[in-house]
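First, the structure itself, so that you have it in front of you.
Chain IDs A, B, C, D, E and F follow the sequence of writing; residue 1 opens each chain.
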C-alpha cells in the first residue's frame, strides 16, 4: 500500500436533479468534489493510503466536505481549518447536443486564502510515497502557486514521486501566466498527465494532424507532443487521455502512456449514455498513479487508467465510486454489458 | 425587439417521473405547455417581446398557467378570464422502442369555450409585429376557427405578419374538416411551418420519394411539396422540420426553409439520449419567427431554428429553456459535447 | 382466455434511484419480482387468467408481494402462507461500460423452505391450461426440485402443457447438479425457453460459431443447438432470445422459435437507452406462452415475444407493464419512435 | 365475510409533494379516491368482500383507477366501461392555520354521464349483503340521482341493508335540491352516517348548543338531532363523527352511534400531526358498516369506526391503508405512541 | 393599486429535503429569498404593483433570481446587472427542540459591491407610492448604507412613504454600528417594523417585563417601547410582531400596531406544525404596508399582517405564496382547520 | 479524548419516504443502524475516539455499513469480515395515533453467526477506556452471549469501564432467558442504562406507582427500582430515560441518573413533531458515557444525555447527527425554537 498525498481545493457541487436545467424545479443534489480530492477518493477506493491536504472553513459546510472524504477512508487529518467559505460550483448535466455546464463560485474560498504556513510539508510527507497536484491549484491565485512550489520542493527532497495533471482552465488564468508558472512547477514533476489541449495551451506544443473541435485525433501527433514534453521537462512518464466527443452523452475514450521509450495505447471505449463526465480525467490520473505505484508496466497501467476513467462516465458526482476489482474487470474484458448476478 | 402575439391553448401537463409508466409509482411532474405558448416562451427567452393570448379559468390552476408564463417574462395581460377548467394532458416519456405517449383531457376547457368577444384584437395587436397560431387552435372546435379567422383578418389589416404551424392532429379533427378550415385560414398566412406529413394530410400534397414510417426522406420531394404550397397559398416563407426517428430516444433532425426562391437546408443533428421531444416543433417555429424578425437570411434562420429545436430534445417539459446565446453557439459549432466551464 | 399457472419465488427488489450506486444517497426504489412472477404479470397484462403459486411469509413484506401482484390481476389465492422472511435482492442499474449488478439475499426465505404439502396441485391445476416454471426454482434447493417434479407430473397427468425457461444461474448451483436435475425435469416439459448459454452450461450443447462474450452470434449454430435439444428431450417448441450486448444501455435483440420443423426468426431490435433489462427474458417467455396459447403460428409468436421483450428494456422494475395492444403494435411496425397522441 | 357493494365516482387525485402549494415545484403525487371507493378499500382491508361499482373511461387513466382498487382486492368486475374522461381533483395539504384545499375538475366525467342501463343491479347485488352510497353521487347530476334510486329499490327488494353517508357538498348542489332528493332517497336507507353539519344543511335539523365554526360541540344537541333523524326517516342506525378542528394539523375526533335506543359515544382522540384528513369520514363509515356486518354492539362498533377514522389522519392519500388488526389494537388501547417492533 | 419599491439583496437559498440535516443525503431544494424581495413577492401576491431593486450578477444564478421574482409578477426591470456572484445561504429546517439553522455565504456578492451610481432613484421612484428597506441592507457594508440614505432622501423629496424593518442581525454588524447608522436612516422613515429585540439591540430601548428567551411577553412593556420609538424618531406608524417560541415547530404569534395614538393588537395564533418560519417577519411587514396603502384602520391592518405572517409558517421557502383572499379569510375567521372544497 | 469500544450488530434500515406506509409508492430511504453502532456514531460526533466492533459480510452491503460509519470517523478496523448477509429491518414512521413499526429480518446475519475467534479482545481493547454493549447482542443467539461474556471479562481484566443498556426486546428472546443471561453478564457491568420496562421484564423489578401504558410515571418508583438494581448488581451508575408517549409524534422526555448516592433528574422536554424516535435511547446512553468519560457530575451528565436524546427525535435515521456543541446548547438553554443565523 502506497501513501499518496494530494493537494488542492474541494468544493461543494450543486446539480439539478436528472437532466433539468438550473432552477427548473429547485430539486438539487449536493455533493463534493475537486480535481485532487477526486484523485484521492479513487486511490482510497483502489486500496491505497490516500491523503488529501486542503484548507477548509471551520463550519458545517467545511466539515461536510471533510466527512464526505472520510466516507471513503481518505485521510484528512492534515486539513488547515480556517477561512470563511467553501468554494462551490453549479453543474448542469448535458444530454445530446446540450453540453454540460459548470458555473464556479469559488472566489474568496478558504483554500484560495491559504498561506504557506498553513501546511507543514515535513509532517505531511512523513511516510509518503507520492505527491500529486493539478494545474488548477496554482491557477487559483493568492499564494497557491508558491505553496505548490514549496510542496514540490519538499517532496523532491524526500525522494517522493511528484505528479501533475496540467488541467488548464481558461477561466482561472490567461495562457501566458499558466505557461510561466506551470513551466516553473514542472521542473520538479516526474509524471505528467493531461491531454493535447493542455499541452497546446499551457506549453504551446501542438499535436499536428489533430483538430479536437472537429473530432480528428492523430495518434502520431500525440506521440510527437509527448516526446517534446519529455524533452523539455524530463518527465519520466507522460499520460494522455484521448477523447472524441460526439455529444454530451456519447464519447469515445482511450489513453496513451509514454515512458520515454515506449508508447502504450489502451483499447478505445465507445461510451454511450454518459451519466456524468466531470472527474473522468481525475479518474484517469488516479489510475496512472495506482498502476505506477504498483509497479505495473505501461500497457497494464494505461489500460487500468482508461478503464477507470471510462467507468467514471457512468457515476453521478465527482467521485469515482468504483473498486479496483471493477476497474480491472473492465480493463480485462472490455465490457460486455451483461448483468452481474 | 419585435412584439410577437401568439394565440392558443395552454394546458397542465402531467408526466410520471423518469421513465416510469403512468401511475407506476404515483410520482409525477406537473408543468404547463401548449403549441403557441411554447412558441411565446421561446421567443421571450430569445429576448423578444412575446405576448400569449388565451382564455383561462379564474382559479388556482388557471393562475398557475399564467404564473408559469410570467416566469419567462411572457406578457399574459390580455388573458380572457373565465370558464370552468384548464385542459390537461398526461405525457409518458418513451425510451428506445417504447414511444412517448400523450393522453389529452381538454374537452370543456376554458379556451375551448372561448367566444369572439373575449378577445379585442385591436387592443391586442397594438404595437405588434407578428401574429402566430397553429392548426391545433381551430381544430379545438367551438368558435375557435372563427376567432382565428378574425385574428388573422385583424392582423392582416394592420400589416402584421401572420404565421401558422400546420400541426395536424388526427385526434382533434378529420382530414376533410382540417383541409377546409386550414385552406380558408391560410389565405391570410405569410409564413407557414410544418412537415411533410402535415402537408400531405392537411392539403393532400405528397412528398414523392419519402416514406416517413420507413425512415426514407427525400430532399427533392420536400422541395416539390414546398413549391406547391407556395403556389397554392402564396406563402412568403415555408419552413419544414425533417426528422428521422430511429427510436424514442434517438432521432436525426434537420430543417428546410424556402423563401420562394431558395431552399436553405440546415446541418443535420444526430440526437442521442432524447430527454423530451414534446415541443420541439414549436421551438423550430419560434426559431424561424425569430430569424425572420431579425431580418436574417434563410440559411442563418434555418440553422438557428434547427439548433433551437435540437436543443429542445434535451429539455424536460414543453418549454424550451435555452437562451439565444446557447442556440447560436450550437448553430455555429454543431455541438461538440464538451463541458462548458 | 387460457389459465396459466406459474410457480416460483417472488422477491423484494431494492434499487438505488436513477443511475446511482448502492447507498450513494440512500434513495431507493422498492418493487417486487421473480422470474415466474414476472411471467404471470405479463400474461395478466396480455389478458390471460394468470395464477402465481408461491410461499410467502404472513407479515407485511409477504403481503406486500401478494398485493403487488393483485394490482395486475394475478390470482394469488393459492399462496402457501408461512415462513419467516421474503427473499430480496439489490439491483444497481448499469449505464454504458458499467454493468448492472444484482446482489441476492434470499437464503432462508419462506419459499426456499417450502414443503411438498404446501401445494395441492390437484386443486391448483383445476381448469388450468398451462404450467410454467424456470430453472431458478429447482436451483433454490431444499425440497424445491422435488416439488417441481411433482408439479410437472401432476400437470402432465392432467394434459396441461408444461413450459420451462432454463434460466441457469451459476451462483445458485453448480453445472453438474443443474444438468442432472434439469435433465430429469425436462422429461415432462413440452416447451423450452432459454438462450445458447443456458443450453451450453446446463446441457453441454455448444452453439458452434458463436462467442457471446465477443458478440459473435451464429444463426446456424443456434439452429443446431435447438435441433439437439429437441432430439434429446422431445420438446415440442424451443424458443431462444438472442442478444448482442454492446453496453449496459445498448443491446441488439432478436428471437428464434423452433417447432421441430421450422425455424422462425424475429426482426432484430436495436435497443438504445435501456432503462432496465431485468425481466426481459421473462417477458420473452410470456410472449411465447401467450402466442402458443392463442394458437398463433411460429413467426407471429416469436415476433410478439421478441417485441414484448424489447419493450421490457424500457420499463423500470421486474414487471413488464405493457399491454397486448402495445406489444402487437411494436411487433407489426418495428417501432418508429414517434409520439403517440 | 359479508359482500358489500358501494356505488360512486372514483377520481384521480393530484397533490403537491410534502406541504408545498400547487405548482410550487411541480413535484406531485397521483393517487385515486372517492367517497364510496374509499369505503370499499377500507372494507377490503378489513377482510370483507368489497365491490365497487362505477363507470370508467376505457383508456389508461380509467384503467389506472381500476388497477389501484385491484391492488387492495376490491372487486371491480361490474365496472361500466365508457365515457371520455376520469374526473380528477387537486388537493393541497394544509398545515397549522393553512387549511387543506381541494379543487375539483369532474365535470363531464365518465361517471357523471352514466345511464341507468349501465348497471344491472340484479346481477350486481347477487350474493350481496349491504349496499352503500353517499350524498355525493346523486349530487353529481345527470341521471345519477335516478340511478341511486333504482339501486336502493333493488337492494331493498332483495333484503340488502342500505347505508348512506349524507356527505353534503355545497359546491355540487344547492341545499334545497339536496334536501328534496336526499329526502326521497333516505326512504330506502337503513343506516345513516353524517355529521351535524350534514343534518343541518341537508335536512334543516339543528344541533342546538353546537357551533362548529366556533369549536363548540354539544353532546346532547347531537342526540336530539339523531332522534329527529330517526323519527323522520326511520333509520335503524345513525352514526356521526364529531370533530373539533383546532388547525389543519391538530383535531379532536370522536364518534357517536345511535341505534334508536342507546347512544354510544367513542373515546376521543387528540390527533396531532395530521398527515392527510381526506377520506377520514369514509373510514368512519366503513368502520360502522364493518361492525354492523360483524354483528358487534353499538359501543364496539363506534369505537372501531372512530379508531379507523383516527388512523386515516396519519395516512397519505384517500385510501385508509390499515388492517383490521391495527384498528382493533388502537380501539382497544387508545394509542400509546410506542414503536412496534 | 399602489406602487411599492423595495431595495435589498436576494440570495439563493439551499435547504436539505424534509427534516434532514445538511448533506445527510445530498437532496436539496433551491429557492431564492431575502428580506426585501420577500416583501415584494407578498405585495405582488396581494395585487400591488411591486418593484424590487437590487444588483445581480449577469450569469445563470443572477438570472435565476430575477426569473423567480418574475413568476410572481414583481417588476425587476430596474436591476443593476454586474458583479461576480449571487450571495447564498444554507437553511436547515428545525423540528421540536432542534432549531432551524441558517448559514450565510454572501460576502463579495454583486449586491454588496453595489455603487451609488448603479441606481437612478429618480427613475426608479417614478409613479411610486412607497419605499421599503430593512436593517439588513445597510448592515451588508460597502456603500450600501450610503445608498440607502440616498434612496430615503430621494423618496422623501418625492413625498413617497418610507418604511423600514429594523431586522437586526448580529452576524452582520456590531450593535454600536447598527445604532449609529440606523439612527441616521430612521430620520427619513415614516413606518417602522420590528420586534422588541430589535428595539433593544439597535436603539437600546428595553421592553420592561419582557424576557424573550424565557417566553415572557408583556403587553405594556411593548407599548412603552413603541412610545419611546415614536418620541425619538417621529415614526407615523410602528408595527411589532410578537412571538412566543415553544419549539422550532410550535409558536404563538400576534401583532401590535401603534399609530401614535392607539395600540391595536391582533388575535393570537397558536401555530403548530410550522413548516418554514423564515420570511414570516417579512410577511408581517408586507401586510402592514398593504393595509396602510389601502387606507385600512390600525386594527384591520394588524389583523391582516398577523394573519399573513401566520400563514407564512405553513409555506416552504422564503416567499409567502398566499393570496389576499386567503389572508383576509384567515384574519376574519381565525382559522378552523377545515378542508376547503 | 477517551477510546470507547462498542460491540453489536449493524443493520441496513429501509424506510418508506415521508409518512408513507411500506410499499405505498416504493420510494424508500436506506440507512444503517443498530443500538451499539448508534452509540459509537454519537460518541464520534461528540469528539471521542469511537470503535465499533462487529462482523460484516464481505460484499457491497457489508462494506456499505462500514463506509457509513467511516463517514462519522468511527474506527471499524476491527471488523470481522465474513458471513453471507447483513441483517436488515424495515421501519415505517408513525404519526399521531399510528405508531412507528419496525419489522426485522436479521436471521442468519453475518453477526449472528459470529464465533468467539472472530474477535481478539486483547488487540481490540488496546488503549481503550470503555466498553459498551446492549441487551440486544446476547439476545441474538448463536454464540453471542458467550462472546459478550468474554468481552466483558477481558475489559474487566484491563480495568476498562463496562456499560450495558438493557434494551429488552421481546421478539428476540423470552423473559426467562433474558433474565438468566443478563444477570450473568451484569456481574461485569459498571454502568447500567435502561428504563423501567427493561428493569421489570429483565430483572422482575417493578417501579411501583408507574403504569407506562397509561402514561403514569412515578419519580419515587423509579428511584426504588434503581436502588434495587444497585443493590443486586453493584452498578456504579444507573441511568434511566423516562418517556411519556402521548402519540407517535408527541412525547415528554426526561432522564434520571443514580450514582449510588444521589438521584439527578434532568429537565423534561415536551417533544412535538417527532421526526424519528428510533435510536433515541442509544443517544441517551452515548450521552451518559460521554459525561462520565469527561468526569462530569451526575446532573451535568444527565442533562447532556437527555438533551442528546431529545435532539435525536428530530433527526431522520438511526444515527444522531448532532455535535457536542449543539447538545450542550440545548442542555443549557432548554431550547427556544428560534432560528440560528
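By definition in this document, contacts are C-beta pairs under 8 Å (C-beta built on N, C-alpha and C of every residue); 3 or more make two chains touch, one makes a residue touch a chain.
Because the structure is a prediction, the values reported are computed rather than measured.
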item: Chains in simultaneous contact with subunit B and subunit C; value: A, D, E, F
item: Any chain in contact with subunit C as well as subunit F; value: A, B, D, E
item: Counterpart interface for B-C, drawn from B-D, C-F or A-C and sharing over half of its contact pairs; value: A-C
item: Copies subunit A and subunit C touch via same or different residues, half shared test; value: different
item: Pair joined by more contacting C-beta pairs (A-E or B-F); value: A-E
item: Furthest chain, CA centroid comparison against subunit F; value: B
item: Whole-Å gap between the CA centroids of subunit D and subunit F; value: 44
item: Averaged-CA centre spacing for the pair subunit D and subunit A, given as whole angstrom; value: 62
item: Contacts with 2+ other chains: residues of subunit D; value: 18, 25-27, 29, 67-68, 101, 272-273
item: Contact graph of the chains (line, ring, star, complete, other); value: complete
item: Subunit A-touching residues of subunit D, taken from the complex the two chains share; value: 25-27
item: Residues of subunit A defined as touching subunit B within the complex; value: 18-21, 24-25, 94-102, 104, 169, 171, 213, 215, 245-251, 272-273, 277-278
item: Contact footprint of subunit B on subunit D as seen in their complex; value: 14, 22-23, 26-31, 59-61, 64, 67-68, 84-85, 88, 90, 101, 103, 105, 107-108
item: For the subunit F and subunit E complex, residues of the former touching the latter; value: 18, 29, 269-275, 307, 310-311, 313-317, 321-322, 326, 330, 333, 335-341
item: Residue ranges of subunit E in contact with subunit B within the complex; value: 67-68, 70-73
